[in-house]
Amino acid sequence: MLRFVLSRLISLGLSLVVASLVIFTVIEVIPGDPAAFMLGLNAAPDTVAALREELGLSGSYLSRYLAWAFGMLTGDFGTSYTYRVPVADLVGARLWVSLPLTIYALILSTLIAVPVGVLAAARRGGPADFGIMGATQMGIAIPNFWFAMLLVLIFAVKLRWFGAGGFPGWDRGIWVSLKALTLPAVALALPQASILARVMRSSLIETLGQDYMRTARAKGLTQRQAVLGHALRNALIPVMTIIGLQFSFLLAGAIIIENVFFLPGLGRLIFQGITQRDLIVVESVVMLLVFAVILVTFLVDLAYAVIDPRLRRAT
Amino acid sequence: MQISGLSMTIHGVPILRDVSFAVAPGEIFGLVGESGSGKSMTALAMMGLLPRGTQVSGRVGFEGVDLLTQGERAMCGLRGREIGMIFQEPMTALNPVQCIGDQVAETLVVHGAATRAAAQAAALERLVRVGLPPDRFAPDRYPHELSGGQRQRVCIAMAVALRPKLLIADEPTTALDVTTQAQILELLRDLVEDEGMSLMLITHDLAVVADMADHVAVMRKGQVVEAGRTETLFRTARHPYTRQLFRDSGHAPQRAARVQPAPVLEVRNVVRDYPLKRIAFWGNRPMFRAVDDVSLTIRSGESVGLVGESGCGKSTLTRAILGLDPVQGGTITLDGAEVHAGHLAGAVRARMQVVFQDPYGSFNPRHKVGRLVAEPFHLLPTPPDDRRARVAEALRAVGMEPGDQDKFIHEFSGGQRQRIAIARAIVIRPGLVILDEAVSALDVTIRAQVLDLLADLQGRFGLSYLFISHDLSVVRAITDRVLVMQAGRIVEEGRTEQVFNSPAHPYTQQLIAATPRIPEEWLAA
Amino acid sequence: MRLPGQLILGAVLSALFIAAAILSLFWTPYAVEALEISNKLKPPGGGHWLGTDHFGRDILSMLMVGARTSIAVAVVAVGIGMAVGVPLGLLAAANRGSLLDEVVMRGNDLVFAFPSLVIAILITAVFGPSALNAILAIGIFNIPVFARVTRGGALSLWTLDYVLAARVAGKGKLRISLEHILSNIVNLLIVQGTIQFSLGILAEAGLSYVGLGAQPPLPSWGRMLADSQTLISLAPHIAIFPGLAIVLTVLGLNLMGDGMRDLLDPRLRRIR
Amino acid sequence: MFTRLKTTTAALVLCASGALAQDSITIGMQLEPPNLDPTGGAAAAIDEVVYANVFEGLTRYQADGSVVPALAESWDVSEDGTVYTFHLRSGVKFHDGTDMTAEDVKFSLDRARAEDSTNAQKALFKGIASVDVVDDVTVKVTLSAPNGGFVTNMAWGDAVIVAPESIDTAATAPVGTGPFKLGRWVQGDRIELVENPDYWGNKPALKSATFKFISDPTAAFAAMMAGDIDAFPGYPAPETLAQFGADPRFQLLIGSTEGETILAMNNKSEKLADVRVREAIAHAINRQEIIDGAMFGYGTPIGTHFAPHNPDYVDLTAQSAYDPEMARNLLAEAGAENLTLTLKLPPPSYARRGGEIIASQLRAVGIETEISNLEWAQWLEQVFKGKDFDLSIVSHTEPMDINIYARPEYYFQYENPDFQALMTELDLAADPAKRSEILAAAQRMIADDYVNGFLFQLARTGVADARIRGLWPNSPTQANDLTGVSWAE
């Protein structure tokens, strides 16, 4: 197990190095001078030059890459061009929105998807299955920004049960904050739950066809006991992969939803960073997200070992 | 257990017709038949575990109750408690994520026979009974940590945990090696004796039935064609099908071997190592020696058998001979040319061809038979102009129609496919054909036909065969010489009759002893 | 039987969508470039079946031409994914465990690790927003999908005896990959292609929604939605119809993909 | 006496309860300021938060656009118009408790005009030759040449007085002299201002204010409707204003901005160098259609680069009236049929929507356009800096910025020595009548040269809770001055 973890950690490190190079290079070729952007239409050229110097934008590619990479290793993500505060502080603050939102959406989608998927698999071919599969197809087909808009229109503008968006901050109370995150979480969770329910269903159906299910039935277990006792745990293995993928997707992919609900999350930080050419924020946050994804994948692999004893030995 | 007039259709397709037989208390009842004869369906009907869309009529009497009329709840109470069942594939019959102790204990818990703690203790006792003592096989082990035979033991422990009155064993040893098979059968026999239960043994292997069963029923196409006491049935065999079955199971083709002294294939001190998965990221990868210093010679026109249990290195050796994998030591010479993996000249490669075990995986389903059979022409420097004619000739040689070239492979049965595979092997007239378990997946009657065909082709084309199999009876029937392989090494070599009649190496002796056989005198009649 | 029903519904919806796109090449009820400000936000009915948008353009015409945009983006994006991903997957599978395989797979993981929308935004930041760059962004993320599917399908095929037979017949890895592997994973690729196609339409809509997809005056469903967002309570039809177009098209393609998978898979299993 | 006391108490109670209920406001803004230092950043959003609220200059704008004394109580101008002596208010304290003195003024002005200054409006300080401290409350500013607009220049947000000791952290922790100080900044979400108890002037009615950043027009609409926001002065979705207007919960704040929205033309572009082509384009444009289609009716047509609410404005719209026939003739005359032009559009909806409309109008006279939508950064790079464009649409929001036409390197590349001479003359002129005359001439000159297509004056379209009083309807400078804002009973 330790060896498994170690070798995975090494490849994780390599991936991060490659990722950082890719990110830095892409950011490097983005046209648009941050200094010129910040100073606006009437700025004099010498002003722009002065600002470039101040921001540390002059210097060779390699030296700036190394400075950035080693800075990150020591937890120094640099200073935002536009906000003039440490990127780490910005990210830290945003993480408190994005992370809870992601977890909220993930819990929602899992809570919906697993029972629904199990029901569909158990009633395979029946009207319940048909209905659930139809609903999940719709769930996948609906663009989430569109769904989010409809939610706002109904629950915020018409019914006024929720705010239209924004985030008050955790210091204003947990319930208030959770309430503010509810509509975005629902909007994010719907397509995810649909995908997850489908995976749950097909995974369970496949498991139901396994020989050991027949064995369990031959032992005298009822269908229900066999499903809950034997099939579910095996069927959860592919479901976990999807949950892991969804975590990373939600963490980074909520940009549009964050825009619709004007939430100060990581996705919007990136989006804003790109439009304002606050490139140091962009590269650091993208790097962080990639790191998160790789880390989550790693954790999912470890979780596999917990669920599936076949992987526990030094694979 | 009394079955009478059992008929079954699945989605309107008839599967069983009027099946009747009885299993007496304390006896072993054999149900024999070729694949698709309805054996397993009969067993599942008895358990009430039929797939959806099944229509059943007739009666499955168990202690005076018709199981077909029982509700699901009642059947759940019966299954595992009164009737236990084990299946063919021990590799997949166990839940991979639950430890074996729990899986055995579950039988007890489900039926409310014991509390969880007591069930664990009882499970331990049952595991000991099936030969898995806790000091060597802790009950918190997982199925993947056990070998196939050990897993089948766990399955048996699960099935007999509550000492059912009847145990149904559906091909319990088909997936196992012959020595393991002997042990499992031994265990089943012991259980029947000790626990006083009945055993219904479903198998395609007549020898196993002859060895084990008190009574036998022979099934064919969903019907019982003949039933009776085992010895009587074997000796008298009234029904033509039964008779043919018996004849084919021990079939030895007529062979007119004309062995030339010149060697076709010479394998000298071949060593083949496999790198295992890296233990540590930085260390060297450990090696596994799959083939260890193996030498063998096949002369022109000769049939050489290579026997051994799974994992002994047979297939690895085959791949090395075919030039698919590199060897780490020794030489392989084919018709005087050395075989090197990777850059083997077509002309050399054209001298040998291969026939695989699985008639279903051997062909690209997208191509027509003509193209499939013609594939080895690739080895010739210039593809022949008369491709179609030569393919047709090869097809005719294996008893197929030349017109079959324009069909797709899924239009053929398993036996026909194996003929097509042989046609592909001989189409460029190789000197050596490697038959890698080539008849193992076939039913006995088909197998007999294919063996005849092989013998015939050998005579006509002067082929040499390397016949690789785990099935000793087949090897015995068709080879001149035999090599016994164990753990990567050849442990015994000699003329076939000699090795089989007076094996010298203990492993060979063990193998031969473990092979179930129909007593010769039974078939003499 | 449910399967054909699903397949038929999916095929009908998809066909409708493709037909609208093709028809738009020759005829639309109104010209999509023609603005008629005085005629803006007309509800459905009268001369305009689906009403007009905030510039007085005919929504039906815009949807028809928008279908063309969606198809073009999705087709090329899937094409890029296949053209690069499939050979990579075949190569990786043919050289299983080799350095190449390792590089391809790790590379795949790496691409997956990048947040796709962010990369799409970065790409458009580098090259400027346009339908072409949207295609590129979507296409890049299709590459690992196809590479993975191809490799997975190919690996299981490489263990089959007929591949061994082909090797015994002296065929090289490349030839075997083309002759035996590719033809047998076509089913998988078609199904995956359908799914990626519908995802491509969704992705294009998402990118256009944030202003990074097709540029005006070329109509695009995502941009129609984005343009109409603030008007949704004033003139719901201009937001509802493009939304429905996306939902129904994606639904149709997904149903078709699923239906095909159900149809093709059992046969695949039987053959194996 | 007794009754008087009673009423006072009642008034006090009333005030107190009113104050308890409504002494804070949440204001929506489309863009978040990147930092809070108006002297070091160009973004309009900075001023929209801090101008008059956190920072003050020597002078300041009022809602009607007039300039009045702020930190300078009064000033004297020397005969020749080159020496300004500012008399500062005494007893003014910065938020950090230090006194605001003449030293601080000298520091602020010197910092802004320094060589390495990053002040975005350095031109405002261009004419300053020296700044001298006379005493604690008196500063003497010497100009190298007379400048009639100098006092107005000092009212800009870029010319506010900052505390020298706070400069290093000015971007995130602004220290000014205004009635509000920074409470908290949740980056990406909101800025909270709280009352400055030591404010020198009249205390505003509000005790705190929150600026909330909502860039998406849809989200802005929803937030307004849902009551999350009390006022959205620069409301980004004019198409929904009608809905707010019909709802008694809201009031509309429609005014004018300093934003001249123009169809910028690259005068050095091969295709547009011919004035007849530019004239043709000007006649091809239907301003009203653009205002209706892109701004939903909000906006005033302009015929030159000048704000219509300015007393010196000359209405020249007739000179470039919508006349497609004439446009086609002019194009034919210039031999510019089958013209294809690039049209590069920045993000605001006036540009994106207006661009589509203009494209269609130009198509009607036979000019094809290739639209590309750019982010601001790309627009700055390609259009503003690179001058790689034919047409663009942008709103010039700085007040009194007609002088950009005197800069030949400016992105639309208008080079006319006569105009440059006019501007020099303007700088030197102190006499109001003379200035009016010069400005009128300048307006005519750029209209005659059809430098750009002059579209409309950007309207200030705001929405607010119906009970709010005192928000600026117009925006003479970019600001959300909260000093006069209160809630109605």
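Think of it as A, B, C and D in the order they're written, each chain with its own count starting at 1.
Keep this in mind: contacts are C-beta pairs under 8 Å (C-beta built on N, C-alpha and C of every residue); 3 or more make two chains touch, one makes a residue touch a chain.
Everything quoted here is computed from the prediction, not taken from an experiment.
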item	value
Pair of chains joined by the greatest number of C-beta pairs in contact	A-D
Cα-centroid distance, chain C relative to chain D, in whole angstrom	45
Gap in Å, rounded to a whole number, between the CA centres of chain C and chain A	22
Intercentroid distance (Cα basis), chain B paired with chain A, Å	49
Between chain B and chain D, centroid-to-centroid distance (C-alpha), Å	87
Junction residues of chain B - those touching two or more other chains	none
Shared interface positions of chain A, touching two or more other chains	31-32, 149, 153, 157, 259, 274
Contacts with 2+ other chains: residues of chain D	218, 347, 375, 377-378
Interchain contacts (touch definition) - all pairs	A-B, A-C, A-D, B-C, C-D
Interfacial residue positions of chain D with respect to chain A in the complex	32, 34-35, 41-43, 115-123, 171-172, 186-190, 212-216, 218-219, 222-223, 225-228, 347, 375-378, 380-382, 384-385, 396, 398, 401, 404
Residues of chain A touching chain B in the complex	3, 6-7, 10, 210-212, 214-223, 225, 229-230, 233-234, 307-310, 314-315
Chain A-facing residues of chain C, complex	2, 106, 109-110, 112-119, 121-122, 125-126, 198, 202, 205-206, 209-210, 222, 225, 229, 232-233, 239, 243, 246-251, 254-255, 258
Residue ranges of chain C in contact with chain B within the complex	160-162, 164-171, 179-180, 183-184, 270-272
Contacting residues of chain C [partner chain D, same complex]	33-35, 37-38, 40, 54-55, 125, 128-130, 211, 215-217, 229-234
